[in-house]
Structure formats: structure tokens, C-alpha cells
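By letter and in written order, the chains are A, B and C; residue numbering begins at 1 in each of them.
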Amino acid sequence: MALLEVDNLSKVFGGVTAVQNVSFAVDRGLVYSVIGPNGAGKTTLFNLITGIYTPTTGDIRLDGQSIAGTAPHALALKGMARTFQNLQICMNMTALENVMVGAHLQLDRNLVKAMLRFPGIARRDDRLKDEARELMGFVGLTSYWNRAASSMPYGALKRLEIARALAAKPQILFLDEPAAGLNSKETAEIDELVRKVADNDVTVVLVEHDMKMVMNISDRILVLDYGKKLTEGTAKEVRENPDVIAAYLGSSV
Amino acid sequence: MLSQFLQFLFSGITVGATYALAALGFTLIYNASNVINFAQGEFIMLGGMLAFFFMQSGLPLPLALLLAIAIPALVGILLEKLAIEPARDAEVVTLIIITIGASLVIRGLIQIWLGKGAHSYPAFSGSEPIQIGGATLLPQSLWVLGTTALVVVALWYFFSRTLAGKAILATSCNRQAAELVGINTQWVLLVSFALSAALGAIGGVLLTPITLTSYDVGIMLGLKGFVAAVVGGLGSGLGAVVGGLLVGIIEAMAAGYISSAYKDAIPFILILFILFFMPRGLFGAQVTERV
Amino acid sequence: MKSLKRHYALMILGAVLLLLPLVLPNNYYYDIAIRMAINAIIVLGLNLLIGFAGQISLGHAGFVGIGAYASAILPTYFGWHPILAMAAGSAIASAIAAIVARPIFRLKGHYLAMATLGLGMIIAMVIKNEGTYTGGPDGMSVAALGLMGFEISGEKQWYWVLAATLVFSFWAARNLIDSPFGRALRALHGSEVASQVMGVDVVRYKVAIFVLSAFFASLMGSVTAHYIGFVTPNIADFFHSIELVTMVVIGGMASIYGSLIGAVLLTALPQALSTFEGWETVAFGSILMLSMIFMPKGLVPTLAARFRRNERDDL
């Protein structure tokens, strides 16, 4: 059974259909990419799957369980994590604290115990600090661990979001344009990082504009156009599909 | 039975019209600058108190009224220039405190100048009540309603038919874009503050012969104007007018039929109730967060 | 060693509170110190809500009023033990906060400001209007606070009670901020959607911190009532709510020690201004405006930023 199944999913915003009858399935352990021209509905699709929006019709299943319309914080419990196209870093915190927030669900969140600083809470937090530093090393941010998030460059913040998402120990990770706004060297590094994440048994679903990166690392690719599924397949199949070429070049070939 | 209902309705619409003017003032400033001006009520107070002062000093009625509206408008401009502009990028709470500070200053100065007593002046065209369906309507109420209607029409014309009005609307939509097409947003801010201060003052000038005024009436009137603006949905002009009338009428009805002791609490109960079910008021725009 | 360093500032606070009686010349100054401590504890709770979690409450004086009047009414008319009344007041305030919080905290920004303002106004008006029990606008007197046969009375005793409560509150607040709970609070301030995706049930956290701050506000309302021995509806009114918020902002949002500084300054200010005969309101308003215009982030964060900048210049 596929890890994630999306079934006839649609989302209508006041008359505009942003996503229309999209179906696909993601198998465990893959790097699965969603591509399409601007406005194709890629981010909306992500927002639907990760609970930010409620689908108008259709179903989403994780591990065979329907999750359509489930709140984001409840999805986190089921092992879902994501990053954002427009950075959603907590600028009022340090880089390390941002990563620590990722581990939220693994911690004792009791208010009274926290106020009285039960020894267990303090010990666990100390351990978490080490784990978070390790994760920052994993995404290549070793030197930033003590920095305020607001003082970090854009490229580093993109990685920080990935580290935060990984801190949640997800089974499936959604990356919304992880390489957007990065130069080719940085993109290549993200490319490598995504591969590394997938090798650690995390299923990765990716929205990305950088075609070279997508073709390089994806096991399967879904192509959206005007909110509809255009095609789906391996990099080679997608590259050779005339509809895809037409959608990207704007004319039939 | 009917006559009693009419009586409550009349007094509700009259006060409601003042709330509507205050709410329009909140809306104008909110749209232009995203600031909730907690000093809005003080403009209502200023209008009434200044009109009283100038009439007492022997000025003819039209001149006294004009001054009582023009001076608050000037105060509005000063408020924007001296207090809001230097703190433009501050957080919501910070701006709330600044405008509350301003309201304390205005209130304090008036108290020192004109004392703590309650004041009034004669109605503009006599106080011979008009009989309608067994209820009485004061001529001054007609002044309140007529002027409010006129102001609403004038504002509608200003915003939909004149370039200046459209410039303000454009600024409230997107400041940066407005600046890019050459709108002087600085000027827009000043006009908005002057206009909303004048709106508040008009309400105060008109209402005073009916309800009296004193240095401290601004707080409650202002807060109820804020309620009216939120009832309608912050930023909506139509919402402000409907909200104002609604708050005035419900307040008068509840005071008449349920409990006059809780008259001042009614608008706040109403707003909690509305916000529970409609988090953006009656006419507030639904926004979708982009992430 | 590490935990010692964590509580550096707390130890300084403790030392100051211990030594303060040596320099306080008379009961008038004790009285001001006590009021400062009471305000500081309320403001600390409010700062968790406003500064750390990024929410707004313009009605917190309502909760202070609930505590104060619970401690006034329950022992006087129903013969309750003051401690029980105090607990009941806090329970009522917390319950009201919990009931309204769910719908209220779906709101944001000015809508939230409006809703909390309305809540505070309603509580204040109930207190003012239910004269049979509350004495109406004139207020009512409050019985002394007895603890196991020992009665707290006089400024000096109250001072020690409040100094101890203050130190405990700061310790607890510090702990809370450094915990997973506190981190989640700050995270939802930084990015609500990101914290949701990380598993933070945003509404639950807002509700929890609102209830906690209401609890402390009510508790301090009770203490105020017993300490002064008299309550009036002013304790619950809009102006008092604004005073509390101003203490948070002037001291510094999201700054624990800013809460203390804000409470100290704004409690002392009216005393200092009383020499301005008639001009108090104008002076108070001007100071609010000026400090917010020139230090929009509040005193402690502004000074801290300047201190850091100087340090960097020295390098």
C-alpha cells in the first residue's frame, strides 16, 4: 500500500478551482516531485494535504487512513512535516530554538511541571539541545547554532526549515520549493541534502521549479497544469511527454 | 405598545447615528494606516465642548459649529504628524497605547480649561417635540439624522467619484503600490486623520443638545464607536454605518425593555456575541493566509 | 553551576528585596513597594500572553476585579474563609477565561483587542451595577486575611509576603519560558502556521496562557483587596486594564524583567506626578506617548539592544 494516497482532490476558492480532481499515490521511501507552471496549484495541493486548507471534495489517505480536513497539528502526530515556500521561521527565536520547536511532540508539554521545572523536563531539554545541534550539522548549519534566526541569511533559513521539520522525526516530509531563490551552488547542496534525507527512510514530496534538480533526484514526478493533473511518471517519461512540453512552452509541438 | 417601541427606536437611531459617525472615523484611519485610534471618542467630546465654549463666548451658531469641527480636525492632523507618523512601524499594542496617551492628553487639557462640569446648549431649531405614532421625536434628532445621512452621501461621493478619495482607497489597499503610482501617502494619512476627527466632532456637536457633554464623555462614546466599527467589519464604510445604527438601536431597546442599568454593557455583549459567530464582523472581508 | 547562572537575575532580585527594607524610610514607601510587587506579578502573567505569545488583552483588570470582589463578598456575606474565597475567585476568573478564550482566540489583532476589551467592560459593569453585594460605585470593605490563626496586617508583613510571591513568580515564569511549553508559545508568536505544522495546538496554548494570566490577575486582585481592606469598581475598569498593558509594553514585551521594570515605573509615576496638581492626566498621557514613540520596544529590550551594540563597537 502506498504511504500517501490522494484521491480526486479538488479545492474551490470562491468560484476559482485551484485544484481539480487530482489523484496520485506516493510509495514509501521515494522522492516524489510535483511540478508545473506558476499558478498550477502546487502549493495549494501541499496546503490541502498538510491540513492548512480543507478540501472541497476528494480524499487524502496517509497509511490508508483518511486525513482530509484534519488540523495541521494533528497531522504532525501522524508523522507529517513540511517547509514553506514563503519562509515561516520564528524570527523571535534563535536558530537552535527553531529546530527544538520541531521536536515539540516528543516532549513533556505540561504547564505546571514546566513552571516548577521538574528535573525530567530540564534533562530532556538539555538532551534535545544536543540533538538539535546535530540536526543543524546534518543540514550544514553547524556555525549558526547560536545565532538569532533574524540575523541569518536567506539560504541558511531555507535549511533551517528543513532541520526543524526533520526534528519532528517525520515519516513523510513536504518541501515547498526548497531551492527557490538560491544560486546554483546552493541548489546543488540542497539537492544533495534531499537525497540524504530520503536515504534516512523519510519519504520526500517536493514542489520545485528548478528542473535540473527535479529531474536529478526524483523517483517519480507529478505534473500539474491549471489545477489539473497533466501526467505522472518517471523523470524520463515526463521529459518526453508532449503535453508537458506544451504546458511549459505554451504551444503544442 | 407601539408608541413605546417607536420611542426607543427614535432614541436608538439618534445615538446610533453618532456611533456611526465615530465608526466611520475609526474605519477611515484604520484603512489609511492600520491604526485603531482610541482617541476617536475625544473628538466627539471636543466637538461638543468647543461648540459650547464658542456659543457661550457669544459667537453666532454657524461660526461656533464650524470652529467646533475645524479645531478637532486640526488636532487630528497634529496627532498624526506628532504621534502616529514617528511610530509607524510599531506593533498593534504600542500604537494602541500611543492613541490612548493622546486621548488622556486631550481629555486632561479640556478638563483644565473648561472644568469638570456637564454642559449643553440649546437645540438648533427649538425643542418642541414632534408627535409620531404616539412617540415624540426631538427636532434635534432630525438634525442628527439628516446631517449623518448627508455626511454618508458626501463620503460615498468623495470615495467613489473623486481622485482624492480613490487615492485614499488605493493607499488602504496597498501602500507600496499606491506610492509607486505616485500617490502621496503621507498626505493621505493626514487627510484621513483630519476627516475622521471632523466626523467625530460633527457627531459631538449634534448630539450635545440632547445628551449633555463633559470632559469625560469621550471614552464611552469612542469605545462604542469602536464596537460599531467592528460589528460592521473593520474597514468597511457600509459596515460602520450599519454597525453604528445597529448598536444604537439595540442599546436603546435593551435599556428600555430589559435593564437601563446595563445600557452601557449592551454594545459589548453584542460585540462578543457577534465575534463568536462572525470573527470578522458582519461585512468584514474573508482573508486566506498565503503560506 | 549551570542552574546557578540561569538564576543570576533572580538572585539579584532576591537580594534587592531582602535589602530594600533597610532603606525604606517609612510605611508610605513600603506601601508603594507592595503595590509595585502586586502589579509586577499581574504584569508578568500578562507579558506571557502579550509579549511571549503575541496576543492582546485589553480587559485584564476584569479578572483582577473578580478576585478582589470574591475576597470582599464571599467572607462578608457568606462567611467563607478568606483563603477559600481567594481560591474561589481565581477559579471563577480562570473558568470565565477558559470559557470565552476558545471563541476569542480565533480572533486576531484588533478583533481580539475588541473582544477582550468588551469582556473587561462587562465584568466592570456587573461589579458597578450589582450594588446589593458589591456596594456599587462606592465599593465595600474587605475582611483581613488570616492564615492558620495568624493574621497578615501592616505594611511590613505584607511586604515580606509579596516579596516571596514575587520571587517565586519570576522563578516560575523563567522556568516556563525555558520549557517546551514556553517555546511553543514563542513559536506561535513567530509563525502560527509553522508551529501548527510542528504539532502545536495553537488555540490550546493561547487558551492555556490566557487562563494562567487570568488566574494570577485574580489572585493579585484578592491580595490587593485584603491588603487595602477596601475595594471599589475602579480596580476592574478599562483604565486599569490599559495601565497593566502599558506596564507590559513600557517595560518590554517578551522580557521577564521588563515586566518588573514596567510595573515599578508605572506604579511610581502617578505618585511622582501628584505634584503636578491638575495636570496629572496630561502628564501621564504625554509620558505614555513619548515613551512609546521613542522606545516602541520598551525599556529593557531597547537598553539591551544598545548595550549589545556598544559591546560590538568595542571589539
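Operating definition for what follows: a contact is a pair of C-beta atoms (placed from the backbone, for glycine too) under 8 Å apart; a residue touches a chain by one contact, two chains touch by 3 or more.
Here the structure is a predicted model, which means the values were calculated and not measured.
Undergrad: Specify the chain pair with the maximum number of C-beta contact pairs.
TA: So the chains sharing the most C-beta contacts are B-C.
Undergrad: Going by C-alpha centres, which chain would you call the most central?
TA: Measuring from the global C-alpha mean, the nearest chain centre belongs to C.
Undergrad: Would you identify the chain whose Cα-based centre sits farthest away from the centre of chain A?
TA: In terms of C-alpha centroids, the chain at the greatest distance from chain A is B.
Undergrad: Averaged over CA atoms, how far is the centre of chain A from the centre of chain B? Could you give it in whole Å?
TA: Averaging C-alpha atoms per chain gives centres 48 Å apart.
Undergrad: When the centre of a chain is set as the mean of its C-alpha atoms, what distance in Å lies between chain A and chain C?
TA: Their C-alpha centroids are separated by 41 Å.
Undergrad: Would you kindly tell me how far, in whole Å, the mean C-alpha position of chain C lies from that of chain B?
TA: 32
Undergrad: Using the touch rule from the top of the page, what residues of chain A touch 2 or more other chains?
TA: Residues 52, 84, 88 of chain A each touch two or more of the other chains.
Undergrad: Which chain C residues touch at least two other chains?
TA: In chain C, residues 193 touch at least two other chains, as defined above.
Undergrad: What are the residues of chain B that contact at least two other chains?
TA: 289, 291
Undergrad: Which residues of chain A touch chain C in their complex?
TA: Residues 50-52, 71-73, 75-77, 81-82, 84, 88-93, 97-98, 100-102, 104-105, 107-111, 113-117, 121, 125, 164, 168.
Undergrad: What residues on chain B touch chain C, complex-wise?
TA: On the chain B side, the touching residues are 30, 36, 83, 86-87, 89-94, 96-98, 100-109, 111-112, 219, 223, 226-227, 230, 234, 261-262, 264-265, 267-269, 271-272, 275-276, 279-281, 289, 291.
Undergrad: Give every residue of chain C touching chain B within the complex, in rising order.
TA: Touching chain B: residues 50, 56, 58, 100, 103-104, 106-107, 109-111, 113-115, 117-119, 121-122, 125-126, 129, 193, 238, 242, 245-246, 248-249, 253, 278-289, 292-293, 296 of chain C.
Undergrad: Could you list, by residue number, the parts of chain C that touch chain A in their complex?
TA: Residues 172-173, 175-176, 178-184, 186-187, 189-191, 193-202, 208, 212, 254 of chain C touch chain A in their complex.
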